[in-house]
Structure formats: C-alpha cells, structure tokens
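Data block below; observations after.
First chain written, first letter: the chains are A, B, C, D and E, and each begins at residue 1.
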Amino acid sequence: MGTLELDGVTKVFPDGDGEIVAVDDVDIEMRDGEFLVVVGPSGCGKSTTLRMVAGLETISSGEIRLAGETINDVKPQHRDIAMVFQSYALYPHMTVQGNMAFGLEESTDLSDAEIEERVTDAAGTMGISELLDRKPSDLSGGQRQRVALGRAIVRDPEVFLMDEPLSNLDAKLRSEMRTELQRLQDELDVTTMYVTHDQTEAMTMGDRIAILNAGELQQVATPLECYHEPANRFVAGFIGDPSMNFFDVRRDGETLVGSVFDYPLSASTLDDVGDATDLTLGVRPEDISLAGDATGEYTFSTVVEVVEPMGDENTVYLRFEDAPEGETFIATVGGLQQVAAGDEITIEIPEETIHLFDGNSGEAVHNREIDE
Amino acid sequence: MGTLELDGVTKVFPDGDGEIVAVDDVDIEMRDGEFLVVVGPSGCGKSTTLRMVAGLETISSGEIRLAGETINDVKPQHRDIAMVFQSYALYPHMTVQGNMAFGLEESTDLSDAEIEERVTDAAGTMGISELLDRKPSDLSGGQRQRVALGRAIVRDPEVFLMDEPLSNLDAKLRSEMRTELQRLQDELDVTTMYVTHDQTEAMTMGDRIAILNAGELQQVATPLECYHEPANRFVAGFIGDPSMNFFDVRRDGETLVGSVFDYPLSASTLDDVGDATDLTLGVRPEDISLAGDATGEYTFSTVVEVVEPMGDENTVYLRFEDAPEGETFIATVGGLQQVAAGDEITIEIPEETIHLFDGNSGEAVHNREIDE
Amino acid sequence: MTRNTDTGDDSGDAVTDGGVTEDASESGFSPIAALNDRFGSDFVESSQFWLPPFLLVGLFVYGAIIWNFLISLTDFSGFGNPNYGDLDLEMYTRALAESGFVDAAVNTFILLVGFTLVTLGLGLGLAILVDRNIRFENTFRTIYLLPMSLSFVVTAQFWAWMFNFNNGVINIVISSLGLGRVDWLGNPDIVLWAVMFALMWQFAGYAMVVYLAGLRAIPSEHYEAAKVDGASTVRMYWRVIIPQLKGSTISASVVLMVFALKAFDFLYSLVGGYRPPNGADILATKMVREAYANLNWAYASAIAIALFLMTLGIVGPYLYYQYNRGNL
Amino acid sequence: MSDDARTDGGTVSETSAGASDGALSGVDGYRVLLYLGLLGMLAFFLIPIESGLVTSFKTSSGVTGSLPFAPPTGGTFTLGKWQAAFDALGRGLVNSALYAIPATVISALLGSFAAYGITQSDWKPKYKAPILALFVAGIFIPYQAVLVPLSQFWSMVPIEESLGFLWSLGINDDYVGIVELIVTHVAYGLPICTVLFRSYYKNMSGEMIEAARLDGASIRRIYRRIVLPLSGPMFAVVLIYQFTQIWNDLLFTLVLVQTESSAAAPIVLILAGLGTSLEGQDFALRMAGAFIAALPTLAVYIAFGEEFAEGVAT
Amino acid sequence: SGGGDGGDGGDGGDGGSGGTLEVLHAWTGGDGATAAEALVEAFEEEYPDIEHEFNPIGGGGNQNLDAVVANRLQNNEPPSAFAGWPGPNLQRYEGVLGDVGSVWEEEGFEDVMVQEAVDLHQQNGAYRAVPLGSHRLNCLFYNTSVVEDAGVDPDSLTSVSALIDALETVQSETDAIPMTHGASGTWTTTQLFSSTMLGQEGYEAYMNFLDGSPDEEAVRATFESLAEILGNYINEDASSIGLTESNQNIIEGNAAFIHQGNWAAGAYRNAEDFNYDEDWGFKTYPGSEGMYMLHFDSFLYPSDNPSPGVTDQFMAFVGSEAAQVAFNQYKGSIPTRTDIDMSEFGPYLQETQEDFASAEERPPNLQHGLGVPSETMTALNDVISSEFSGPYNVDAATEGFVDAVSN
C-alpha cells in the first residue's frame, strides 16, 4: 500500500569546497491516501525532498520506504511514482494522447488497446477527452495543467509527487484547480506529497502540512493546528497573512515587560510559561480589536500610521503611543470602520488570543485558546 | 500646468486581416498633481493607453492634451513626460549618475554643472546618493527601482507615467515601495498616471482609479467609491477579493425571484430599480453573515460545500439548499467560527448590503448603503 | 558614374539626409512625412542606418543575381561583352543535354544529402556526449569545433594527405588491419564519399554546437519526467529528447546544405586546379571552371542559376518556416 | 544550473544502476565508456591535424619513409619546409590581413547599422519583414550565383584609374584586387553581420530604447549613446566570425586576384597551389603552408572560442 | 614560386610609352623553372634596358595560366605576351591576338623555322605568335633494368599489340608496374589515346580524326587497346597521382614503361645516377616509328598590347637562336629553328632532333593545342573523365570522341 516514510532523510550538496545541507534529517510518515502539503520559504529544501522521493536525487543519508520497502536504490523508472512538475514538463512534440500514453508504454507491458482505454478513462476523469489529439502548445495553461495531472493519474501509481503544480496559473485558474485537485485526490485516494510556497494552498488543500525551514522540519500537523497552535515562532510567522505581530518581552513576575508596554498574564498562562524569562509575545492582526476606551488591562493607546483600505477590510499600521516612528505592527479591521492615518485609537489585545514563544529557542510555550 | 486630458482616445492595431481595438474611445481628465491608477485585466489596454500618452504609440483617433495643448503629433522626445517602466529600463553601461543625467543631457541645454546639481538633488530625494557611481548591475531590485524613479523625477516633467513599476519586486519590497511612491507623489505633486493590475496597489495608492475592460473605460472614481459604489457589474466583480457574488434574478412585483430563492425589496430600493425586470443581485462575501435561525426575511438555508480555512478567516463555499451541486457562492466568516463541509447553515444577506445591476447592460441600478 | 562610387556617395548622402529628415518631419509638410505615414513613424529617420547596407546588399547580391540571369540568357562566351539583344534559353537546354552537367547536379545532390545526414548524425552524437555533465567539457567542445575555424583550403591540404594512397593515415591504418589500400581520391566511385567524410570532419563540430544549444534549451524536467515515466536513458533520448531537436536539425541542415553547395574551395584546393577529381565534380566547381577556365560565361551563368535554384529550394522553405515562427 | 540538475539526474540513475548491480565498477563502467567515446572523437578530430603537424617537420624522404602520424626522427627532421612555406606565404599573410581586417570591421559596423535600423526603430513590421528576409536569404546565396556579374562589374569599374595616386606612390597596381576584395567581402558579409546583430538587438530591452526616446534622444543619438556601447559583446562575435570567414575564403580571391603570382595574392590563394607544382606533391611543404595559413584564425579561435562558437551557431 | 618578382616589378608603374614587358608562363617547377630562368637570363643579356616582369602561374598544368590569361584578356588588361600553344588552340583567342607579322618578316623566321611552325602560328592570315621550342609526344620511356629483368626488348615493340604483350611479360616476370600512368588529370589519358591511335591505326586515321571525320571503328579499336592497357597494366594509384609521381616510378625502378611527351626526360636528367641508355631508354611509341608527333611551346601576342614596342623586341628574341638554345636545352625540348647547332644539347635531344628532321610525318598533337581547338579538347577530356577513368567504357568513350570531333 502507499504508505510513504521518510526516516532521517538528509541531502548534502557539494558546493565548491564546502557543502550545502539542503535537507536535514527529515522524518515524515504518510499514511496511505494521505494528502501532505510541504511548505516553506524558498530554498528550504522542499523540491529536494520531493526529488529524493522520486529518485531524481540520491539520498545522502537516511531511508525512504514505500509500502514498507526501502527504495533508496531503486531507479526512478522503477519506483511506482508519478510526478507533476511546476512547468508541467509535457512533451511538446507529442499529442495529449501521446503524453499520457508515454508512461504506460515505457513502464508496463500493456497492449496498445489497453493503454488507449486507460488513457481515455483518465482523460474522462480530467475532463480533457476532447483535447486528446492536440499538442501541448495548443492548450491553455489550465488545460496543460490538467494534462499533466492526467499523465500522472493514468499510471495509477502508489504515490503522487507534485512540485508547485499550480504556480504557473493565474489567480483565478489557480483557485479553480485547487478545488479540482482536492476533489481528485479525494476520489483517487492516492498518497500525495505536494510542494508549494503558497499559503492558501497549504492551508486549504492538505490533510496535513509539513513546514520546512532551512532543510529542517518544523512541524507536521493539520492546517488549523499550524495556524492556531504553531510549534514555534517560525511556523507562527510563516503561516498567516498578514503575519503574526511579534514583540520581544521579558517576564517580570506576572507581567510581560516590553519596550513600550506591559502585559499582565493570568495564572494559567503563567503555568505554561514556566520559568522562562526571555519571551516573544505573538498576536495575529485579526485578534487585535478596536476598544472603546483605554480602561481594560489589555487595552493600549496607539497611533495610526497608515491605513490600507482593501474594501472588505482595512489593514492598519499602528504604533504604540510611546514607540518611535516607524516601529509599527498590524491590525486588520472591518472595511467599513472609519480609521485614518494620524488618528489616536485604543486597541485591545485579549489575553486568550496571545501566543508566547521562548525568546531563545523560539519554541512555543503558550498558544491561544480555542473554543471548541 | 500638468493637466492631462484624454478625449475619445482610441487605438486600433492591425491584426492579420482584421483589427484589434486595444483602446476604445477613452475619456479621462486628470487635474494637475493628481495620482490616477489605471487597472483592468490583462490585455485590457492599460499599457497601450499609457504608451499613447508617452507618444510611443500613435493615436488612431481622439486627442490627448497636455496643459491644454494637443500633443497627438509631438514626438516622444519632445513631450515633457517621464516614464518608469516595469523593467526599469536602466542603461546598463552607465552609472546611476549617467542614467539620471542622460535625459537632461539629451533634452535640455543645461550646463554640466547644472545637470550634476539636479542629479545630486534628485538622488538625495530618492535616498540613492551613495549609489551614484555604481552600475545598475550592482544594485538590488529595490535600488534599481529607486534609480528608475530618480531618473524620472530629475527631469521634472509635467507628467509621470508608470507601467507596473513595482511588479518585479518581491512582496515585502513592493509594499515598502508602495508607501514610498505615495509619499514621493505627495511631495512632488506631479500629475501621475500609474498602471497596475494589482488590486492592492489600485486600492491603496491612487487619488482615483480608472478601470478599463476590453479597451473601454468602466469607471473613474476614488478607490472606495469603486468598491462600494461600482458603476457596473464588471467593476463590482473586478474590485474586491474574493469577488462579489452575483445571482441572476427577475423582479416580480416587489420581490426578486432567483432560480432557488426569493428576495423581497424595500420601497427605497424598488425606487432605484425603476421598471427593469432582468436584474443581477450582487453581494460581497464579507456581507453575508451567519444567522442563528432562518426566520428573517433575508435569511436563507444553505449547505456548506467546501471550507477553506485561511487562519484569520474562513472562505466558505455555500450552496442554496435547493440549488444543484457545484452552484456555489462565497462567504467569508471569522477564522474561529467552526464550519465544516456538509453542515447546513442559515445565512443572512441584509438588504442594506446588496447591489443590483441591470441584467442586460450590467449598469448598477442600486448600490449598498454606507453609513457616513 | 560607376557603381562603386555610387555606394560610397550613398552612405554619405544618407547621413546628411538624416539631419534633413528630422527637421522636415517636424514641419509636417513633406514627402518624408508621407513616407513616414505610410511605413511607420521612424521610417525615414531610421533609413540612414539600414538603407546604405541594404542598397549594398541589394546591388551586390540581388542585382548580381538578376544580372547573372540575364547573362545566362545570352550566348556570351570568350572575350568581349555579352549581347543582351538576343536572349534565349539555349544555355539551359544545353546544360540539360550535357552529361557533365547532369553528373555534377547528381553529385551535388548526393553531397548535399549525404554530407548533411552524416554530419547531423555525428554532431548529435557529439552533442549528447558533451552534454552528459563531463569534466573538461570546454576542452572537448573546443577541439571538436576546431576544424570549423580552418579554411577549406587548409582542410583540403590535411585531407589530401590523410587520403594519400601510399602514405596517408587512412590507408596505413586499413592496410595494417590487413585490408587493401583504397584509392580514395582517385576512384570516381569513392571520391565523393571521401570528400563528404572530410567535410564532415570539418563541420561536425558545427552541428554539435547547434544541437548542444538545442539540448540545453530542453528543460531538465523533460529528462526527469521521462525517467519517472519509466523510460531508460536510450528510450528517453529517442522518444523525448531527439524529437524536440527538430528546430536545431532544421537550422543546422540548412546551413550544412549551403556549405555543401559551396564546397568549391575544398575541391579546388584538393587538386590545386579547376577540375576536381573525377567523380567529384559538383555544380559549384563546374560553374567556376566553365566561367574562368573555359570562358563559357553564359553557360556558367546558367549553371549558377541552377545552383541558385537549388539553394532557393532549401532556403525558401526555411525562410518560410522562420517567418511562420515569427523569427523574421 | 538546470543543466547540472538534469545531468545529475542522469548520473543518479546510472549510479543506482551500478548500486543495484552491487558493484562500484558499474558506476565507473558507464563513465569510462563515456570518456572513451569522447577521447575517440578527440582522436578523430585531432589526427588529421597531428599528422599534418608532424609531416610538416619531415624531410621529403621522411615523408615517404615513415608513418604519417609518427613524429620525425633526428634524421628526417627539418625546419626547411616551414622556412620554404613561410617564404612562399609570407607576403600572402600581409595581403590577406590587408583586406580581411578592413572588410571585417566595415561589414560589422554596417551590419550593426542595418540591424539597428531594422530592429529598434518604429516602422511597420509588414514592411520590415521582406527587407529582413532579403538579408537572411543573402546569407545563403552561393557565391557562384553572382560570380560572373561580379567579374563583369569589377572589370567595368575604372577603379584602377581612380586609385592612380596609390600606384604613383609606388604601390603595385595588383593591389587594386585588395580594394575589390574589401568591397566584395563587405557586401557579401553584410547579411550575416546584420542577422547576428539583429538577434542581439531584438533581445535588447525595447523599454530601454523607449526610455531613451522619452529622455529626448534622437534615433541617431540613441545608437551612439545606448546601442553602440552595449553592442560590445556582439561586435566581438561578429568580428571574429567575419574575420575567419573572410580570411578563409578562396573563391573571391581566385576571381578577383586570380593568381598566386600577383603581388597582392592572399594567403589562401598561394596555399591552394602550394606544393602541387610539376615536381610533384610536396606534402611536408603543403602541411607547413596549411599551418601558416591557419595560424591567424586558429589564434583567434583559441583566444575567443566562445565568441566563435556563438557566431557559428547563429 | 617566383611571386617575389611581382613585388619588384611594381615600381615601374605603367606611365611610360615603352612600358614594362610582362610575360606570363606556367613553368613553375623543376626543369621548366630552370629553363624559364635561362630564358630570362638570356633575354637580360640581350636587352639589358628593358624592364620586365616574368610571371610564372603554376597549378593544374597550364589550366591556371589559361584562366588567368583569359580573364585578363576579358578584362582588357592583357599581358605583353604569354606562353601558349599555336594551331587550333589560337581559336579560343579569336579577336584578341595581335599581328606579329612584322617580327616574322624582320627576323626572317619564315626561312629558318620548320614548315609546320610557319603554318601553325598563323590565324586568319596573320602571325599571332612566335615558337620557342618543340616537344615530341609519341614517346615511350622505360627503365632499362626493369625491362631487362622481364626479358623484354623494347626496340622490338613495333606495334601496340606487341606493347601489350610486353606489358603482360613484365607483369608476370617481375613485381614492377608494367606501365605507370598518372591520371589525376585526364590529359595523360587523352594523350595516350592520341599516340595509341597513331601507332595502331596509322597516320591517315589519326589525321582524319583530327580533321573531324573520324573512323568510328578506328576509334573503337584504339579504345579497346587502351582499355586493355589501363585495365590491367597500370599502377593502382594511377587516378590519384599526376605525371610527376608517375614518372618517379620509372626513376625508382618501380615501373617498366611510361608514355609521355619528352618533357618526362627532363626529370631523368635531373635525377642522380640515372643516365640515358644506361638506366633509362627511349622508344618511339610502338607503331608510330618514323613519325614525330608535334608540339610547340610558343609565346602569343595579345592585341591592345600594353607595351607594343618592347613586346616586339621580346618576340624577336623568342625566335632567336640565343633564346631557343638557352631554353630548350633545359626544358628537354628541341629548337624550332632548323639552323641551330645541337652540340650543346645532350645525346638524347640530339637524337630527338635527328628524328624530327628525318620524320616521314609530323602529325600535330591532340592534347596540346595543335590538333583540335580547345573546346573540342575540353569535350574529349570530359569524355575521358566520365567514361574512361575506370571502369573503361569503350562504347561510350568511342561515341563521345566521335561526337566531340565530328563537325
């Protein structure tokens, strides 16, 4: 079955005299049929990981197991894996039919008739039956994307690998194909490893997200877990747009002391913190709300520096009253709330919405409360 | 003075045997010092419009007037216009100094000393004084962008033209430069025509937005007017992300009858509608709210098809109970509201938030109410 | 006035013209403005750049071809001047009736096709070898391309020696293998192939360079996709990579064929005279021989036209292909 | 980069092939075969040159008495052939340079003009296409097709008389052939120069040219200040390519200078007949001559291989 | 090759009335070059004040010279004089040759030259050229020791069939090449045809052939013999070597016989330890005994002459005893004047001279201009090239030859 395990997988590239550790001791276990999205900033090793699974890159150390068997030394053409490339990599000189049949012709002994049947079926699934006689150059971006997927599914592999397959599409098509891909994966139920750097795709498509940074695995969890219960400061900052606001603070007894504000903590939160003193306070822009007056414990006086009206909401750049100019943080408020640059407004940062991270390791020590 | 008027400006390209009308009878009047953003989908004629103003493209019919004088037949080098290109178009073999001086050397009789002084001034304004001796290849993207702007402002032209000047920058730099450009334009107060396809830029930068579609001008208005009081269905759909939901309806007396729902109208709204019967009902996703029960006039029972959790909010694909599968519309709800695919929920579409468009012409007949 | 001074004057004129143009087009009432209206806004001003070279080419290349055609219709031979009053196709009928012409045409065709095919084949092989991420890639590439920098005359010297009956490398090698010596350049049945081989030596590097560029334009994903799709290396090249080199093949073949049509320099130098070895006469050599050794000017012109038509047959479709791909 | 990645891919698969055979030698086997192939082809390309080189240092008896690719031994070694070849070709070197260098420079410049005028200025594409097509087709015209008119033309042009002042300076009037060669090579080199420059200018940023126009520069100023300074790399390519072409061409020299005994005989013309006179084929002399004639282009090639390859590949 | 001359010659310019004498010839190597030098020396001695430029134009036999001359004539830049063949060969220069009748008259050439020379140097009733020397073409040379080894007596070979038998004997008795042939140009084969035809079919048949009324059977028979010789008894590399290398086979003792004009003997004289009658021998081509197949080396006189005065002086010199002695003794040819003392010439040339004087017939050669006009010659060579350079197609060659000469 299509379980895929990465066990201490590491990739080291030689780089002049030195070395680049592109992927560093990554462990991931995917159950059969799971849809895992791998995200991370550019150069963090996403593609390299995927390519090691495909066999296009040797594995420096560690082990990759497919359905329980180690495939480290199996040639790519003998792994039962299909890959969808960012550029689609359709063969420009073959028709759609030819593109889809190629893998079957090369890797199976099926008769021509059987191949044709499977291609027709897969084309039906992808809704590209009428395109079978066209060349890739005669297709639109979205159609090419479909063909690339069709070429992968026709082979009925154990595992799909996809490296930013939607990034060449325009925004509208991308969101269409996103939905389509999810539907397809539900239907086919094939283990899928999906690389992207697009937050929306990461949040919306996967059963789980694996977040990589500088070759190291940060967290593997469901999208909402990653959003609301980030394992560390990197994940918290990476997931979410606009991203979480961070303030470096010191714990002084029961209070967090920042450069220009104090923030008292409740007992339960203090429990989480333990005896760490250097901390980072995190709060998401949408959790900052406009308060009527500056009376509450968690209310602060701020000055509005810039307002970017987006229609449905305004992105507001705020500055604590005593903070130097330019040291801003972001809050999002409803699109119809009238806020203008220069206004002095009072905001509230409710305690149940804050995250706390260890100031040194960045590990999360306290995450926000979620009402189930 | 820098007033710029486009009067019935049209551009027709020959295309094989036929013709392409790239810009169709566009009228725009810009007052001196105004910042106008031109937006529209790809290929709608934005660049062509700009290039006609610059003199890089001949005008098929109509007239362009700068400070009251027709400039149709003036060569680009004799119009007092500076342009910033998407690719910056810096001269790679000249230093920053040389790049900035070039225009002055070619188009004025200034002495070398005067030129040097003006270049130094402009470099100061742009904060690139230390870069003057570098070649463009030694600059970062943001610095190049600054030089391109510097090259334009040093000439102190009547009009600035900018064609997607920020689109080659990464997201972070882009938002920085966005702010900077606004500041600069405030300071210099030069009439500026700015082309982009980026919604954020359109909404946040301009005094007014001009929206083009298929060569035709749709609306010229302030950003918020465009968002809240779109002139027609195209503008309503184009501005805002996710975009407005549209439902085709027929007016039956005082009620709008859709395929699977009825929507009663108040008297004041009916006034706006007049005697049109084919209408399109529009409502923005953020204006759809979850209602406790399905009792109100404007509440509807719906089924959740897909939920895309984005963290701060969820994008929810809903379907009216009786609508066929796949016929969905979108609502955005708070990130912590627990909604799952398959749930049946009741929503409310308040009457004060709806837009109505003529079903045939697409003209807006009624826009939402805004409390000032 | 002579043509030569003409061209000289032209470039001078054009430059001064440019200045005039600018002023005139601004005033707006002039034939220049009319020209600009018709051909585009910079037509006149830019003509100072392209017109003199264009006239030079037009005169020397296209003018000459037309003139050549005219001469081919006369009976011009020997000394004196052609008589343009009496034009007919006699030279062409004479050519078709002459076995020497037909042989040369056939040889030209064989050389064209054979040389192009073997050179493309070898060039492709070299390109694939060099493209396999090898060490010293530059050195290999440089050496493979080196013969291309040599003159036909020089190559002819080398290969005259290589093919030498008694002391040439090739005969020494094959006779040391126990095979008999072959009279490469003397045997009319073989000589054309020997020439082809030498030309292949000179131009395989060229084909390699073109193919290498083609190979490098193929995204690495195509290699990877084919691998993941289950193809072996050989199958991958055969089914996925080589078919994508169509463009390279077309442009390389056109250039190679044109080289083959022009192999005159090589054949002339091989024997140091107008008559190439028996069996290796091609239209290019025959034309020059008829003109400069036999003074059959009109006849030579007719052969030249035949050669030109052959070239046109190759280049015409190529131009059309390039035009369709928007490269013109 | 992409190339690395790809070949890496290739290697990987071979590596794993070796690994699955369980022997490291499998890996090497593939590379060894690859390098054997590469070296075999190296030999193919070098042997004619090598055997020419060793032969050029042999005495006549050495030429017939030893293997063609074996180096000369003490007894059969001589520099005499090089000496003789140099004596014969020396003046040809000078003559060739006399027309090859000016013709190269002029054709490159004019080609750059033409390409600029066609590419970076704003007039209707439908009129540009035929002009361009004529330039492109001009590359492929076999010289034979213009030879007879060319001789007619040059015999009609009173160029020899109009250059009378040169001859009165004591320059041999055979050198009129050099002048004819310069003009002829410029005319026939122009198409390829134009097309090379055009492909370069086409990739030059159109926005940059437009920026210069908006900055107030005229078409001529734009060429002077923007396009020409940026054409350096392409000039290198074109100059090198043209120089080799012109230096190497025999046909025009044969028609315009005609004989190696002319005072103005270019080197290729002398070489073509060298060592094939009635006393027999002196291969050692021919080889030495070949090397002398090839030296300038070889030097250019070795120094500017990249530019040469680029010119060739276009 | 003496291109250096060109350089110094240049300073003269051509401002003057007398002008520079510019002479083109093709004697670039070996004995030809020596002879040309001797000629120049003699000229300088006789006319020390005439500025001159002797330009040798080598390559491809006379082909390159012919081409250069043709183009210069075509471009109206004729040289003062150029080396060439008289006879029908003059036809190609129709209209561009001047009249040197005055020289002939003044020098009394008509009285001292052999009659054939007097006849062949005229065109349209005027003298166009002056002869310098004469080669003989129906010659068979052999390497004495090789024929001795084979047991063949060359003097006994008086018919073509006898020659073929002798070749067969050499073939079977020795390792040597029976008959060496250098056919990289077609002219050697055409030339062999002419001698074979003369030897086998006789004077009448040969002359009829030249006159344009060939006897097809005679032509065929000649080609049959040729096919037998070329097909069986020549060197393997014949088609890729020229005369010089072929002749080397005689000198080195690799071959028994060679057919050539008597210029071949020049190489023997230059070879060390290779002496007439000891190491090499001469035999009139079998069957043509008593005949001297005629050849002339002459200088032709272009009209529109750049230096008419000095050219006349040069033409007078060419026909003079001094020139003919100086040139011919090195060239291996004999003077065309009948009044020359042959003592300075070696024994072989003296013998040749005697043969010439006593010849019953002096048929003009076929390949070197005296027999047929140059177009016919080109046509004949084309036939050889396409039909008779192995494989040897007798029928096609016969047909081609008959067509080519028939008028």
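Keep this in mind: a residue touches a chain if its C-beta (ideal position, glycine included) is under 8 Å from a C-beta of that chain, and two chains touch if they have at least 3 such contacts.
Computed from a predicted model, the values in this text were never measured in an experiment.
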item: Target chain D, source chain B, minimum contact steps; value: 1
item: Highest-count interface - the chain pair sharing the most C-beta contacts; value: C-D
item: Fitted rotation between chain A and its twin chain B in degrees, CA, nearest 5; value: 175
item: Chain A and chain C: spacing of chain centres that average the CA atoms, whole Å; value: 56
item: Chain D and chain E: spacing of chain centres that average the CA atoms, whole Å; value: 41
item: Chain A-chain B separation of Cα centroids, rounded to whole Å; value: 29
item: Centre distance in Å when chain C and chain D are each reduced to the mean of their C-alpha atoms; value: 14
item: Chain E residues counted as touching two or more neighbouring chains; value: 59-60, 64, 67, 71, 74
item: Shared interface positions of chain D, touching two or more other chains; value: 8-9, 13, 122, 151, 218, 272-273, 276, 281
item: Where chain A touches two or more other chains, by residue; value: 55-56, 75-77
item: Parts of chain D lying in touch with chain C, wherever the complex brings them together; value: 2-11, 13-14, 34-35, 37-38, 41-42, 44-49, 51-52, 55, 63-64, 67-69, 110-111, 113-114, 116-118, 121-124, 127, 129, 131-138, 140-153, 156-159, 162, 183-184, 186-188, 190-191, 194, 218-220, 223, 244, 247-251, 254-255, 268, 271-273, 276, 281, 283, 286-287, 289-291, 293-294, 297-298, 300-302, 305, 308-309, 312-313
item: Complex contact set, residues of chain A against chain C; value: 51, 54-56, 75-79, 81-83, 85-87, 89, 91-94, 102-103, 106-108, 151, 155
item: Complex interface listing, chain D residues touching chain B; value: 122, 205, 207-208, 210-218, 221, 225-226, 229-230
item: Contacting residues of chain A [partner chain B, same complex]; value: 170, 179, 182, 199-200, 203-204, 223-224, 227-228, 239-241, 284-286, 306, 308-313, 332, 334-336, 370-372
item: Chain E residues touching chain C - in the complex, by the definition given at the top; value: 59-61, 63-64, 66-67, 70-71, 73-74, 92-96, 183-186, 236-241, 374-375, 378, 382, 385-386, 389-390
